[in-house]
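Several structures are given next for inspection.
You will see chain A twice below: alongside chain B first, and alongside chain C after that.
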Partner chain A sequence: MKDVVVIGGGPSGLAVASELRKKGYDVMLLERNDELGGLLQQCIHDGFGTILFGKSMSGPEFADIFISRARTEGVEIKLEAYVKSVKKKGDHFKITTVTPGGVEKLKSRSVVYAIGCREKNQFEIKIGGARPAGVYTAGTVQRLINLYGILPGKDVVILGGGDVGMIVARHLFLEEVNSILMVYPEDFFSGLPRNAQQCILDFDIPYRPRTIVRDILGDKKVKGVELVEVDEDWQPIKGTEERYNCDSVILSVGLIPYSEKLEDLGAKVDKNTSGPLVNEYFETTIDGVFSVGNLIQIFDYVDDAVKTSFIAAEGVERYLEKESEKNLGIELKPGDNVMTVTPQRVDEITGEKFSAFFRPDIEKENPKIEILSGDDVLERHVKRYVRHSMLEEISISKDILLGEEEVIIDVR
Partner chain B sequence: MSDEIEVREFLCIRCPKGCRLVLKIGEEVIVEGNQCKIGEDYGKQEGREPKRIVPTTVKIKDAKWPRLPVRTEDSISLDKVQDVMETVEGIVVEAPVEKGEIIIKDVAGTSVPIIAERDMEKIR
Partner chain C sequence: MRLNSKVERILDEFPSDISYEVKDRVVFLEGKVKEYKDWVKIGSEIGDIDGVEGVVNDLECEGKELTDLEKVIDKSKGKENVRIGKYDIVIVGGGIVGCALARELSKYEIEVALVEKEPDVSLGQSRANNGMVHPGLAPSKDSLKRSLNIRGNEMYEDLCEELDVPFKRVGSLILITPRTMEEYKKYIPNPIYKFFLKFILPWIVKKKGELNGVKNIEILRGEEVYEEEKNVNQDVLAAVKIPSTGIVDPYQLTIALFENAEKNGVDFYFETKVADFVKRNRSVKRVLTDKGTLECKYVVNAAGLYSDVVAELAGAREFTIHPRKGVELLFNKRLNGWVDHCLAELKIPSHPTSKGGGINPTVHGNIIWGPTAEEIVDRKDTSVEREKIEQIMERYSSIIPDFPKEEFIRYFAGVRAATFTEDFVIRPAKWVKNFLHVAGIQSPGIASVPAIAEYSIEQLKDMGLKLKEDESFDGRRNSIDRAAEMDEEVLKQKIEEDSRWGNIVCTCEMVSEAEIIEAMERGADSFDAIKRRTRAGMGECQESYCLLRISEIISREMDIPLNKVRKEWRDSEFFDGFVRGEEL
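Entry: the complex of A and B
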């Protein structure tokens, strides 16, 4: 019987496994791929680690810190181990994995899911056309270029102005494809200013705001796209349709937590984040089952994703030592100008403060961030600036929540 | 000759706000559009010499992947980025390679080395 099984060998999984091993627990980490590091192995650009380590590293370099840490701490690691099912049996979990050696079963007292997110695809957004070859998600292209040295095409249209799309645009530009055009429905790039400047504007890569791909043209292979301009509500403007020739289309239309596996186990999911409902230690609605990293919600920085691992490790320890006292059950909800809040509930009195992450849908200088019970302001936080969809963290005092059933986070 | 003023626009990357800075580069660098001191300092540095780290890949033989991720160890002048890419293209290394290993000593006359971003073991 293991104390903890961690599912997923990306940075968040490695971090939580290392922390728990350091605390003396018998930890096993399962990774379906044949190497550790997760998504970061294909993110060869720099910019990782500025929050946690105060310096800018590439994805593989950031991953290596946590891979080394897991090895040094003595985490038992199994590669090419796909978790087929997790079932709760009394006070422990039965885990069935599929490996090259066959089906293997193991038991554990607790489980941490660190299985990250996936990219949205062409079938999740409204886009017309047949299914020609030459349509990719941005992450797939990143993988093709950076691990295999293969370019997706020569004349490329990128749909979506988020970070992954911009980073891929720069790789394509530097690898000298013939043409790149980036289109997106917002009035400016939705990703970090850093990426807008250093990936797109530095190289004068053409882009068209308030424009979307309405149709992908071509039967067997992509021959072009039909572009159309959109208004502020992203509705197509008649008469602005335009045919644009290209041989490949790259979709960078967002990431979504990979929470189906947790739902199979019976965990409840938040419709706002698409990740599991969690408490302040990132424990799901199932006792002894925790989640970390991009599975909880999509983080803008891997540094912040990894922070959840350190917090969850405390929670797992409390669970294993039977120190958890879940006697509060206070709900945390998004209020005015807020799209998502995690954690969605606060269970324990213990601890002075806890970290809450929220995603505003407003751009504002010196906004007031208020923790409200009805109309009463329980606590007020200040930020220098918040930007639409950019994740923010605040540290909320626990004592202000006592006696409440539901509190709301507002940005004004 | 120093009367000539170059005007350049770019985004401040020092906070999520992303101010649109306008640089007037003559003998001195004048920053406009910033809303704080951090932006002014950043703008001045960017006006004197914008610098970037360049990440790319090189071919690698006998390794798990066909490509090894590499980068300039330090940031280099933005206008040298294309030269760096051209120099790196065509480089083939052999596994094993260790993280931090120098692949090119001085890339495109920048006196900055190109280093490996990760370990890659020999396979076969």
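Entry: the complex of A and C
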């Protein structure tokens, strides 16, 4: 019987596994790929580690820190491991894995899901038209260029102003493709401002805000797209359709937590984040099942994603030591100008403060962040500046929540 | 000439300059109409006339140039001097119909070839439909469709058992709701309307089915409906249950038919396009293709959407195909259990050319909504308009109002090869002696297929074909084993023998590397061909995880660079060249 099985060998999974191993637990980490590091292995650009390590590293460099940490701590690692099923059996979990070595059943006292997220595809955003070769998600293209040394096409349209899309645009520019056009429905790039500056504006890569790909054209291979301008509600404006020739379309239209497997196990999912509902230790609605990293919600910085692993490690320890006392059950909800809040519930009295992440739906200087119970302000936080959909973190004192049932976070 | 006067009466309604000719009950139209809508309407109305056996619609209209036959036909491509084979029968078209007939013919001691312009079987309408094995309730009493549907449906268990293809007789429910006769509602007092819908109409539907030869039809009312189908709308008044309705994976079945036909000696020529026929004494002697010439004694036209083009080449044009597009919406497997039967809401008057679609389960556990029915100009057009997605969601949500309809994972469209007479056209060509049409196969084509093959052989016999059973025929075929469906002990064993069974490359559908390799050994050489045989890439993430992984396997196994891996066709390579032109 293992103490913990961690599913997913990206930075968050590695971090939580190392922490728990350091605490003396018997930890096994399962990774479906043949190498550790997750998505970071394909992120050869820099910018990772600024928060945690105070320096800007490439993805593989950042991943390496956690890979060696896991190895040094002695985490038992299984690569090429597909998790077929996880089932709760009384006070423990039965995990069935399939690897090139065989089918194995593991028993573990707790499980941490660190399976991250996936990219939204053309169907989820209802792109119309044909379905030829030449439509890829930005992550696939990043992998294609960086790990295989192959370009997706020569005339590229990128839909979506997210970070991966911008980083891929810059890379394609540097590899001298014929043409790049970025289009997105917002009025400015939705990714980090630093990426907009360093990836797009600095290179004069053409972009069109308030524009989407309505249709994909071409029977066998992409021949072009039908672009259309959209209004503030992202609805197409008639008469603004334009045919634009290209040989590939790259989608950077958002990431979505891989919470299906958790749902199969019976965990509840938050409609706003698409990730599991978690408490302040990132424990899901199933006792002994935790989640970390981008599975909880999409983090803008890997540094923040990894922070959840340290918090979850504490939670797992409390669970294994039977120290957790879940007697609060206070719900945390997004209020005015807030899109998402995690954790969605506070369970335990212990600990003075806990980290809460929220995604504002507003751009504002010196906004007030209020923790409300009904109309009563329980606590007020200040931020210098918040941007639309840029994730923010605050530290909330537990004592102010005592006696409440439901608490709301507002940004004004 | 009563037929002529009926045709004239229809043409009189259109102010356009149209001339017509009737030859052996086939009506030829020439002239000009304004809109495509009229082009379809005239053809359909004439096709409806009793006694008309085909409509060849050569009317011109705006926007239709694309499909002009001259554009599709290029006789100069035929390579007459390269003889590639000599056969008793050449089948044109590798859809489910062509493949089923090929397999049926492989039971006899004759030489059979099948030519297909695409690189794989099942690339036309056979792959893009909801896989419903209809019970035979809808076709009109005297149609060929009706008899072949009833017979074909009955043959499904045996066929799918032999070919190791999943088939489920899930049954269907035709739901009668307050919306069923909405158009007439205002003329009828409400209690009578409801009474009629609840007690009379189900009985009429049942009677119609029984007259058609459909067995074991039941009428369900009140709680009985929810016992069968727990999630349907609470306002359902009655339901007609037809137990014989089934579901099948249409391309898996086509692939199975192909594999088994090939095993029993049928030669398949892929990426081979018929360019012309050489005839002597009103008989086809040679089929000219862009790969070479096939000598033949009989030709079967099973060319689906292009069956009128192939007919024209042979001088046997007796009908025109008017393509009708159907869009389908496919939902996540996780919703398995929301729907147990094929569900349709009865609407009267019904759509003139489609039974109206509905909500069906699939054999793989997905749920599928659709299809729509839309007359289109370009038979290649399988695009999906954004608005159609919304329309489908709107149209069928009254069947199950609470259905989580945002959880669709893909949409697609298929094009039905409809003729203006709307019935199956399975008969010897009128003006060519050894040429059999097996055309106009649209819904309920899947259900009818086993019977179509049987019936076609009867036709060939009538045309003089002599058949002697081949004792070496082996109708058994095994599908590719699936890790996802394997018992853990069996999988363990498999991995011990071959570790590739333990390398799961598609995590949504749990497909192993071994399955990919097996599909390739069976002839798949593109991503989509592998996908159809293994289901890799058909899950929730829609290839975003496995695209590169599987492409890598294809590249390795075929010994081609990654950027030469094809999605499907020769000119559909996924990726461009190497970064800076240098191979890593």
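Throughout what follows, the second predicted complex is superposed on the first by the 412 of 412 C-alpha atoms of A that agree within 3 Å, B and C clash if a C-alpha of one lies under 4 Å from a C-alpha of the other, contacts with A are read in each partner's own complex, and residues count from 1 in each chain.
Convention: a residue touches a chain if its C-beta (ideal position, glycine included) is under 8 Å from a C-beta of that chain, and two chains touch if they have at least 3 such contacts.
Because the structure is predicted, anything quoted here is derived from the model rather than measured.
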| item | value |
| --- | --- |
| Touching partner for A:M390 - first (chain B), second (chain C), both, neither | first |
| Superposed model, chain A: greater residue contact from chain B or chain C | C |
| First (chain B), second (chain C), both or neither touched by A:E61 | first |
| Touched partner set for A:G49, first chain B, second chain C, both or neither | neither |
| Which of chain B and chain C A:P276 touches, first, second, both or neither | neither |
| Chain B versus chain C as contact partner of A:Q197, first or second or both or neither | first |
| Chain B versus chain C as contact partner of A:Y148, first or second or both or neither | both |
| Partner chain(s) touched by A:G38 [first = chain B, second = chain C, both, neither] | neither |
| Overlap of the chain B and chain C footprints on chain A, listed as residue numbers | 145, 148-149 |
| Partner chain C, residues of chain A touching it in the complex | 32, 80, 82, 84, 96, 98-103, 118-119, 121-123, 126-134, 136-137, 139-140, 143-145, 148-154, 175, 214-215, 219-221, 247-248, 260, 263-264 |
| Sites on chain A touched by chain B in the complex | 35, 41, 44-46, 56, 58-61, 63-64, 145-149, 171, 174, 176, 192-194, 196-198, 201-202, 365, 384-387, 390 |
| Contact footprint of chain A on chain B as seen in their complex | 10-13, 15-18, 35, 50, 52-57, 59, 64-67, 69, 71, 78, 81-82, 85, 99, 117-119 |
| Residues of chain C defined as touching chain A within the complex | 334, 380, 382-389, 408-412, 483, 488, 491-492, 495-496, 499-500, 502-504, 507, 510, 512, 540-545, 547-548, 562-563, 566-569, 571-580, 582-584 |
